[in-house]
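Scrolling down, you'll hit the structures one after another.
In the two complexes that follow, chain A is the common piece, with chain B as its partner first and chain C second.
This part shows the complex of A and B:
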């Protein structure tokens, strides 16, 4: 098991390196355009060239990447072209927002989709069809539409939750929860649909296996069969789909953060990309890569822990 | 720091569990349909509450470096809060004193003499004097920002502690205007020399930046300086600017009383008005096609005025206004705004929509079979306009090829002279400003540097002309560019700004920046 985890971890590091390199090359291949984006339309070509030189943007991309990577290993991501702040400070100030949004949303998604999936598979009949219908609607409606409707009902009309903004946890836990409630709900509503269908399919498959019939024949309580035996066997595909959901969500949070004006990583990535504040963009990209790689790794390890067959591969 | 400001949700303590929703629904029931009335909760009847002004800005905050500030849109609030400018511009285009209590502009528009107010200080206590102003302008010249072009080549003299003399190498009618904008920032010489010029502002203006209560890139908090010379003009004790690039987020924040003012767009104004917000509108740009290659260097056909005139005649501007712009724009065939001195009313419909006449012009010019031209495609700026351009120019057998540009390098590509023409929203300001930007031979948006002896004489005259003479010259320039079809204007774009509650606007900002300034909020 440990060897499996180590092997996966080593592969993850390689993957992270490869993706960062590809992104870096794409972003830094046109240094003059970066300098122009910073200086605006009225700057002369000489000023643009001078700025490109000042930031070292006129050097070969490989050299720039080597320098950046060296910095990353020492925890130094450079400074923002615009504000002069350390990129690590800018990014770490945004991480709690995005991680809270993602983490809480994924927790609720996991619990709800597992419960709904099991209920759907076990109950069958009209309850199953109803839950499938609800899941289909949840999958079909994009999360930003859900977000806009939630804001209209619960923030603008009912005034229960704030329409925009974020309150740090350490400042006021109650208001922190209030400020996250609608964004988290928007994400959960949109992501429970597909995930619950995966759980449903997996549970249904396992329910039809011979060992379940045997367990039933031995008179084991139905609840124990479902939660102790069936769910454990069905959890594998569910964990994989949850892992994929988080990765899809990394793109989705950009929209959610914009609609709710949350100062998170998605929002920062978009804004700094438009500004051409490349060091910060690379900081955000690195964060996203790390999240994706860690989630993948975690999903693999959890899967291996549940299912010994996975470890054999 | 929270952007919800002083409006505390009533049930904050209960919130941790999302299951409490049902409880809260009953507790908070009772619909509040007036979005605006709530933002003044803290003020009882009687005296108005000036404790805090909360604005939502669509612009990501940038560096505090005075040399890197831009003079447009709501991103200006960041620097106008902390930095004073030497002069002040107004809605009607006029210029009045600022940190300089008086100024004198020589008749040939080359020498601007400024006399500073006595007793001004920076927020760190050091006095504001001529040497500081000298250092500030030099910093703008050499600091690597785009404002440098506005003060390039200007020499600065400081005969005494309170006098600054700026001498331009050639007549520059806009020099006083530049001193209202970022080139006129008064900055601490010590601060601009330091390593923290990007991140720590030393204030000369009405507010100081409260870094402790701000979140990088998200919330900016400013606290009033009572010792600022013009503190009375800024009644709010605090200004909190929340960054909300999304217009729906800004509208929701306005409707729920989280902010007092924000820029909106044409799509959101109806909802804003229906929610009881006060919506201000003003013309801020000309939408249309800008022809860069008027000399026909890459597309020879465009060198012929008859071809450019034909382009002006294949667009049904009324239909465009109602179809593409929800009827919220005024069709026009001139580039100058209706509130500027260069505006000539009859030039609003100089070119009729007449495809047959346009074909005739093309035939006369020898281009009956059309030609091929590339136009840049930018998302979202040209998404709606380009298909229409492709379709309408096909009427003249002109093949239009769209070339997609990446957002990050789009402006660079536009300014490189690679394209013969493009769809563009050209920001409007005073007549002289628009002329300087897009018509004079050195203008940023006169990309190919097109010039004509007749026009150049007019633009040079405009640099030194005053009052009625200036108006006359600008109108002649306007007429020239319309008749020679330098542009294919479609309509004048309208900008929208909404305020909530009892926050009032004196003006919607000066003609150059097109956004309400902090002193406009009362």
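This part shows the complex of A and C:
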């Protein structure tokens, strides 16, 4: 089990490295464009070249990546082009908001999509078809539109929730929860659709396996088969589904933070990208990659703990 | 053969016989989304003529004007521009951007998929690796991060998004191609001297067409949503009208004018939904086999009533008469139920929906009796309906199977289609031994745990009592280190061992009848013989009745007291084993024996 976890961890580090590299190369592929974005359209070519040189953007991308990676290993992500602040400080200050939003949304997505997916698979018939249709519509409507509608109805028209802004947890837990309620709802509404369909698929797969028929032939009651045997077997795939869902959630969180003006990583990414403050952007991307990789590593390990067969591979 | 018979009143014009496009148009969601999307495309093309105003012309006096109160039908935005005109013009850029995504992802994904699937090996390994890496990228975040490089150029950003989603097409195409590659017609084409490129295009492209069309609809829908999100974040061009940009502007203005966000929000939602629903409808229309059909209660009932009328006048309705092939009544099987029969099956009929509108009978009027202490071999080639008969007796047919008629009496009580009574006899009085030992144990539970749990589900005994009984039984079925085995997981024991465990599980509640579905097929020869001995010994000890479903005449001659031969859903001969091997009464039985003799 420990060997399995270590092997997965090593693989995860490689994956994080690979994805960071790909992102870095794409983002830094055109240093002049970055300098141009910072200075605006009115700057002369000389000014642009000078700025690119100042930030070292005119060097080969591989050299820049090597330098950046060396910094990362020492906990140094560089400094902001604009404020001169250390990127690690800027990013760290934003982490609690995003992690709270992400963690709570993940929890509700897991519970709701598991319940709906299982109900859909076990019930079958018209209930299944209805839930499938609802999930399809939920999948189709973009999450930021859900968010805008929530703001429109519950914050602006009904004034039940604050429309935007964030209250830190240590300042006022009640208002903290209230300020996160709508963002969480928006993320969850958009992610439950696809996730519940995958849970449904996982449970249906188990229900069609031979041993379920044999258990029924043994005279075990259908309810007991579902609760004791099918759930155990579907739990592994379910955990993996949730792990992969984090990629979708992450994309959602970035946009949702912007809608609700939450001072999180997503909002920071958008603002600094628009400014061309690339070191901060890259710091945000690294944080997101690490979250995705860590969550998927955790999912793999939990899956191995549930399913003894996985460990051997 | 079992001809697929149409069912229902609309049998002749059933959806199965239709062209995919007609099937799509008959689906209300498919039709609605096609209408919506066609309308949007027309609006996009005709924007300069349809839009009442210049999308960028500002009339300050109409700033934030409410809908339906001025020249601006849907109201004015916070810069005094006409909302309707901007919506119409934005349809253009949206269509262009979505088509860009589709074109880029299709070209990259399909070409890479064709090459990887066709050549396999190193090419495939490399492309697989790249595809996995691209899929692991956080797409939306990456597009945002690349804004400094890409600039406010939404078409370029969407082209990059096309690259990011191309692995979806790649995987799809590679999978289909790899499957097709091994099929004969490609080999035949190779032999006939067609060039590689022509092989790829002529055969493989045809095979991947449907899944690619279906996936395209979903990609287009996602693209519209992503584009709107990027523009909403301010990453689009501020000059051009766009749905996401309109949302952004209206949202900033939401305290002044709540309704401003409604129009672009509805537009984006409707378009994305139309693409997704179209994709769903396309899947049903192009790939009907992907959906296993299950009859509704009413359809099944109608089928049963039809079957009853068939029975009333069999010669007129069923061309291949039911009764002619059935064994002689005077061997005592078909007449009245023998007094000591533990199981008595009469005229059992089971069918499945086949395709969209037809129905296939797999069991067509089976009669079978099993006496106490008797081992009956149910033999026939695969697809003859013997396993279906066994599952019907146990009430374990797949969900889409329909019991059309007949009777199954266990110990004198009707159990066919009787959920409560079946539940009462399954496990406790009728045991079941499956065919494939390795897939019939719950992989997440130890052997001991699942055996004890199964036994205690039907017998009210203590855990300790159940454990003792099962350990004894495991010793009895030839597992000497029973204690050790109960602590293992199914994947940690051999197939032969797993089959013994399954036999022990079936026998443990002390049933009257065991239905064994090819219990030796998956085992090697020496283990086979041991398992057969075991079943015979258990019969001798406990007076068990056994139905032995098998296609192996060796097993029959070795073990069975009586043989019932099944072919095409009917029992064509039923006689004592000795008589059967002495000289079978039915032509098909002779063929079977002859074939077995040649093999042996």
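Just so we're on the same page, the second predicted complex is superposed on the first by the 271 of 313 C-alpha atoms of A that agree within 3 Å, B and C clash if a C-alpha of one lies under 4 Å from a C-alpha of the other, contacts with A are read in each partner's own complex, and residues count from 1 in each chain.
Please note the rule applied: a contact is a pair of C-beta atoms (placed from the backbone, for glycine too) under 8 Å apart; a residue touches a chain by one contact, two chains touch by 3 or more.
Note that the coordinates shown come from a computational prediction; the quantities given were computed from them, not determined experimentally.
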Touching partner for A:229 - first (chain B), second (chain C), both, neither: second
Partner chain in contact with A:3 - chain B first, chain C second, else both or neither: neither
Which of chain B and chain C A:270 touches, first, second, both or neither: both
Partner chain in contact with A:151 - chain B first, chain C second, else both or neither: both
Which of chain B and chain C A:251 touches, first, second, both or neither: second
First, second, both or neither for A:289, with chain B first and chain C second: second
Partner chain in contact with A:308 - chain B first, chain C second, else both or neither: second
Partner chain(s) touched by A:30 [first = chain B, second = chain C, both, neither]: both
Chain B/chain C common contact set on chain A: 30, 33-34, 37, 148, 151, 156-157, 163, 258-259, 270, 273-274, 276
Chain B residues within the chain A interface of the complex: 1-4, 8-9, 11-18, 21, 24-25, 28-29, 31-32, 35, 38, 56, 60-65, 68, 70, 144-150, 196-199, 215-219, 242-246, 248-249, 252-253, 255-256, 258, 406-409, 411-412, 415, 444-445
Interfacial residue positions of chain A with respect to chain C in the complex: 15, 18-19, 22-23, 26-30, 33-34, 37-38, 124, 136-137, 139-142, 144-145, 148-149, 151-152, 156-157, 163, 209-211, 213-221, 224, 228-229, 232-233, 236, 247, 250-251, 254-255, 258-259, 266, 269-270, 273-274, 276, 278, 281-282, 284-285, 288-289, 292, 306-309, 312
Of all residues in chain C, those that touch chain A in their complex: 133-134, 136-142, 144-149, 151, 221, 225, 228-229, 232-235, 247, 251, 254-255, 258, 261-262, 265, 268-269, 272-273, 275-277, 280, 294, 391, 394, 396, 399, 423, 425-428, 430-432, 434, 436, 439-445, 453-454, 457-458, 489, 491, 502, 505-506, 509
Chain A residues within the chain B interface of the complex: 30, 32-34, 36-37, 39-44, 47-48, 50-51, 54, 80, 82-85, 89-90, 93-94, 148, 151, 154-168, 171-175, 177-179, 181, 184-185, 258-261, 263, 267-268, 270-276
